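There's a structure below that I have some questions on.
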Amino acid sequence: MIKAGIIGGAGYTAGELIRILLNHPEAEIDFVYSTSQPGKPVSTIHQDLAGETEITFTDSINKDADVVFLCLGHGNSKKFLAENHFSENTKIIDLSTDFRMNGDHDFVYGLPEFFKSEILSAKNIANPGCFATAISLAILPLAKSGEIKSDWHVNAVTGATGAGTSLSDTTHFTWRDNNFSSYKSFGHQHLNEIGQSLKMLQPDFSSEVNFIPNRGNFSRGIHATAYTEYNGSLEDAKKLYSEVYSEAPFTHLVEDIHLKQVVNTNKCLLKLEKFGDKLLVTSVIDNLLKGASGQAVQNMNLIFGFPEDAGLKLKASYF
Amino acid sequence: MIKAGIIGGAGYTAGELIRILLNHPEAEIDFVYSTSQPGKPVSTIHQDLAGETEITFTDSINKDADVVFLCLGHGNSKKFLAENHFSENTKIIDLSTDFRMNGDHDFVYGLPEFFKSEILSAKNIANPGCFATAISLAILPLAKSGEIKSDWHVNAVTGATGAGTSLSDTTHFTWRDNNFSSYKSFGHQHLNEIGQSLKMLQPDFSSEVNFIPNRGNFSRGIHATAYTEYNGSLEDAKKLYSEVYSEAPFTHLVEDIHLKQVVNTNKCLLKLEKFGDKLLVTSVIDNLLKGASGQAVQNMNLIFGFPEDAGLKLKASYF
Amino acid sequence: MIKAGIIGGAGYTAGELIRILLNHPEAEIDFVYSTSQPGKPVSTIHQDLAGETEITFTDSINKDADVVFLCLGHGNSKKFLAENHFSENTKIIDLSTDFRMNGDHDFVYGLPEFFKSEILSAKNIANPGCFATAISLAILPLAKSGEIKSDWHVNAVTGATGAGTSLSDTTHFTWRDNNFSSYKSFGHQHLNEIGQSLKMLQPDFSSEVNFIPNRGNFSRGIHATAYTEYNGSLEDAKKLYSEVYSEAPFTHLVEDIHLKQVVNTNKCLLKLEKFGDKLLVTSVIDNLLKGASGQAVQNMNLIFGFPEDAGLKLKASYF
Amino acid sequence: MIKAGIIGGAGYTAGELIRILLNHPEAEIDFVYSTSQPGKPVSTIHQDLAGETEITFTDSINKDADVVFLCLGHGNSKKFLAENHFSENTKIIDLSTDFRMNGDHDFVYGLPEFFKSEILSAKNIANPGCFATAISLAILPLAKSGEIKSDWHVNAVTGATGAGTSLSDTTHFTWRDNNFSSYKSFGHQHLNEIGQSLKMLQPDFSSEVNFIPNRGNFSRGIHATAYTEYNGSLEDAKKLYSEVYSEAPFTHLVEDIHLKQVVNTNKCLLKLEKFGDKLLVTSVIDNLLKGASGQAVQNMNLIFGFPEDAGLKLKASYF
């Protein structure tokens, strides 16, 4: 059993990590670090854990943990690592945006479906964003085959957990219940990491990804549609995507698709359709699992040589 | 047209008052007082009003308004009236708890179905609480006929607007969505005003009202069930309730009952059933209308001699 | 008071018409025709109407009604009119798709913001579809000015009332609750009427409208985003839209937009944004009101010379 | 690995059984019987299973399965067993009401917290009802100690999955969304099995259980409150309940309680409070798991000598 630490333990993604790791066959929780809740049982915050664990939050870290998950607000991971040092052997898996763009650091972008070999030998992982995961899995196969020739038009909707635990007008129940709205149109921060992956896989990629994110009146999940011009047939596309994802334990092509198929799982389901000269790809994930903590554990599994789906065979809630 | 002022204009009940008064045939909005938003159009806060009104919030009041609605937090109405003085002819309608219990003040408890004659000659009105309205209309007919001999057992669920606009853990969408919980069991503050009405109508009333309030995962409305021992037949009960509410424009007996029948209306629907020796009364209202602002306008209508339902023939949203 | 008949009285749009007409200052309900429910009070089906009306469904029609609303399934309006004849003076307002495409009939497409003069002199009205209304109001101003030069990319989500009262897998609560899905991508039937309007306003229009409809987990409303290339500035666009809608009582430009601003109203709110060379228009309506019964009454008001907003100053539910 | 058969494979509870058994360490699915879907992959109906299993529905049964779960409509289990015969060693676990009342059959009532010794040696199991489970776990400890002296007052709300997969007015999304209603007040069928357990544990029990069930606007879960007169202190009650549930892996006392703590888990959480002379017990379960399929697997685990929580350490969805 490897020892795992969680930094920033009171948020959504930390809660999901705890839920997963409590039942993981190869890893155990070493500490859950929270400066705001030290000494409190984690089940006082993550209240579904009542009866399952006696772990308490701590404000001290174990520098020799095998793996440390950073569940901090964007911008705070860099700061935390500057102030806190782990052993040479400790693997860092960061769930923030801080290290997703390539640069002067040793973090590998942790999208296993496309960068598995880099992940297997990585020191540290920059875990992809939730929208980035849903969209990348929908569009990157066409980049891998070098076939993106025109703009992508992407529309996606996320649940309220996508906005984090902090209270705001748009996460107030009376506002969000039975409501719908867009935000950050054409300018969402995840476009950067999507663009980086596109360029890595198809260096001559020079089109645009037009992306409108939306706030849905549900708690978990992302539903995305993406279309672009595509010369091949639907069968060509299905063949391509099937090959790209032939080894992926969580990413599958389906004929019927809706969001709740994947809620509370680490899966990404994809549906392909062809209309005229356009290929339409629909993609669904759970934003907190495949879009965050589940994928983080998937990356941990890869780095440590565990089965890729260890601890991640999760029962869908479905209803 | 009488001139109406609204104090505390940024909250839910103020918003509902504005929505109603904009289309009221006998009243017009004179000012909407808000110390936090002076100068801003009310439609920047109550955003559904876009295109309907140019009114702006103000931090000054007109002491000669014909009627002033106090939409302040509990405890703040008394304070506000101590610091601000209106003309002798100005009627005050207070939506807080401050004046609901009889005492050293000239406010009349504004439940028109039972205290209409007092309201008609009132100087000022203490508008009933939302749970108190739903429950009182369910149980007071039996008090009026002096027939309550044993405890009432009441269970009611309210929408998230019942908790006010402030953000809290239990109004966060991710918490409340598809959730359910109880709070303040056997100790909700509205039991005081319910008890006062019971005593006024049936002076020998000495039983208990056991009340469990619940938080529902919807925005508007209260659904309450209340049962007690009752010697009469179901027909006796129906006759009694029909007579008590024969003149009430908004309170009706029905055979089928569910919450959405009354959402976005000023109505209270009631269903009577008899099981063994128990009478079960189910009651539904919109907590912001019959449970707050709608009833406030109903009281205004009565005081000023307007038709009781003026401005209150509201289209149910129903779905 | 004119006399109005409603055909197909048990569905959603008939219910909304009854709710509106009960409080309409210039029209009264003459009959509500339903072959499935004759003799029953309408409040047994539209249960929010308890206490408001004693009208019963009938299986006979009054051929001399001033106006008749057809709330029948698509394809059934033509059939009904072939089998039932009204007086020469009776105006027919059809809510189905049967007469929306120009052809061998005397129905005028009832989108008042663009075809008011035709409506004013119309014998009969083909009431626009719900998606068609939301999208047309978003994109037609640019057609009116002849400025559409490239494809529109449209994504819209509708509430479950859009699917009608019949029960189906995708309207089952356990399926739809907290779910999201697309359907009829690039092939929704409303594209026909949108295309017809585009061609009428901009005869050289030859681009495509790419439209992905979605099923949202809410009951009422449509939220649509639509973007296209646009050479002008944001100010140019705002000026254009403001002028086009300067006389429209229900269609307004706003800076903040979300679905619940318009739920239970006859309004359409629009927000304009410019990103690079693209104009993004967000549009929200209530699918049952501006998208169906409200617009039908608006058309009735125009034909009969009533104020365009008579009976349609509806209180938003908002929460 | 034991071999498990599932009869009536297209419904909610069968889907949940498949989800659990696919990951169960000691059992494997032998067949999923469905007369309506033979030959189809189970993932065409239970669509979240895409990518997880290739099992297809069958219309033939294996008479030598180790355990067979009956997921049939109430009344159909008896009929099915009369027409289909399994081997002597096959254990039957019936999820319907057919064998819950003691009588001329060899089914044991499968509520492990109270009848574990009977279950351990049982041939067949009658799996408790969902409301019955939530309520029994709330009130039976007081029966076990012989301390129920007066009526219980119970109010509980269930999600829409409680009504089964068939479509009905009250499971239509447009009706149920943001709605609330009661049904079968004082007459729910689960009162029989609750009464039987009360009598078994406290033979002199002669009070009433007043029970009002409600339909909530969520998909999964039951939230119940139950109160009765109780002479002991809150500490006495906590001591009693803690002792009764000291060996129960899924039933725990908590200080904070709300429904989503248990959704998608096999847990029952309980909160105790004392108000005056009344003990209030709040109880939450997932109606499809602890209230149906999860408890069925728990019973299977006990009969076959597996760890009681084998395959049931489920990640809560929580949001």
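Labels for the chains are A, B, C and D, by order of writing; each one numbers its residues from 1.
Here is the rule we use: a residue touches a chain if its C-beta (ideal position, glycine included) is under 8 Å from a C-beta of that chain, and two chains touch if they have at least 3 such contacts.
These are the chains along with the protein names UniProt gives them: A, B, C, D = N-acetyl-gamma-glutamyl-phosphate reductase.
Because the structure is predicted, anything quoted here is derived from the model rather than measured.
Participant: Starting at subunit B, find the fewest moves between touching chains needed to arrive at subunit D.
Facilitator: The least step count works out to 1.
Participant: Which chain's centre, taken as the mean of its Cα atoms, is farthest from the centre of subunit D?
Facilitator: When every chain centre is compared against subunit D, the largest gap points to C.
Participant: Comparing A-C against C-D, which pair counts more contacting C-beta pairs?
Facilitator: More C-beta contacts join the chains of A-C.
Participant: Roughly how far is subunit A from subunit D, centre to centre by C-alpha average, rounded to an integer in Å?
Facilitator: Distance between chain centres, rounded to whole Å: 34 Å.
Participant: Where the centres are mean C-alpha positions, what is the separation of subunit C from subunit D, in Å?
Facilitator: 46
Participant: Between subunit A and subunit C, what distance separates the C-alpha centroids? Give it in angstrom.
Facilitator: The answer is 40 Å.
Participant: List, in ascending order, every residue of subunit C touching at least 2 other chains.
Facilitator: 12, 159-161, 174-175, 177-178, 217-220, 258, 260, 263, 319
Participant: Per the contact definition, I'd like the list of subunit B residues that touch subunit A in the complex.
Facilitator: Where subunit B meets subunit A, its residues are 12, 159-161, 165, 167-168, 171-178, 217-219.
Participant: Any idea which subunit A residues touch subunit D in the complex?
Facilitator: 12, 15, 19-20, 22-23, 44, 46-51, 159-161, 177-178, 219-220, 250, 252, 254, 256, 258, 260-265, 267, 269, 288, 313-319
Participant: Mind listing the subunit A positions that touch subunit C in their complex?
Facilitator: Touching subunit C: residues 153, 155, 157, 159, 174-175, 177-182, 185-187, 210, 212, 214, 216-221, 223, 225, 227, 257-260, 263, 273, 275-276, 278, 280, 282, 319 of subunit A.
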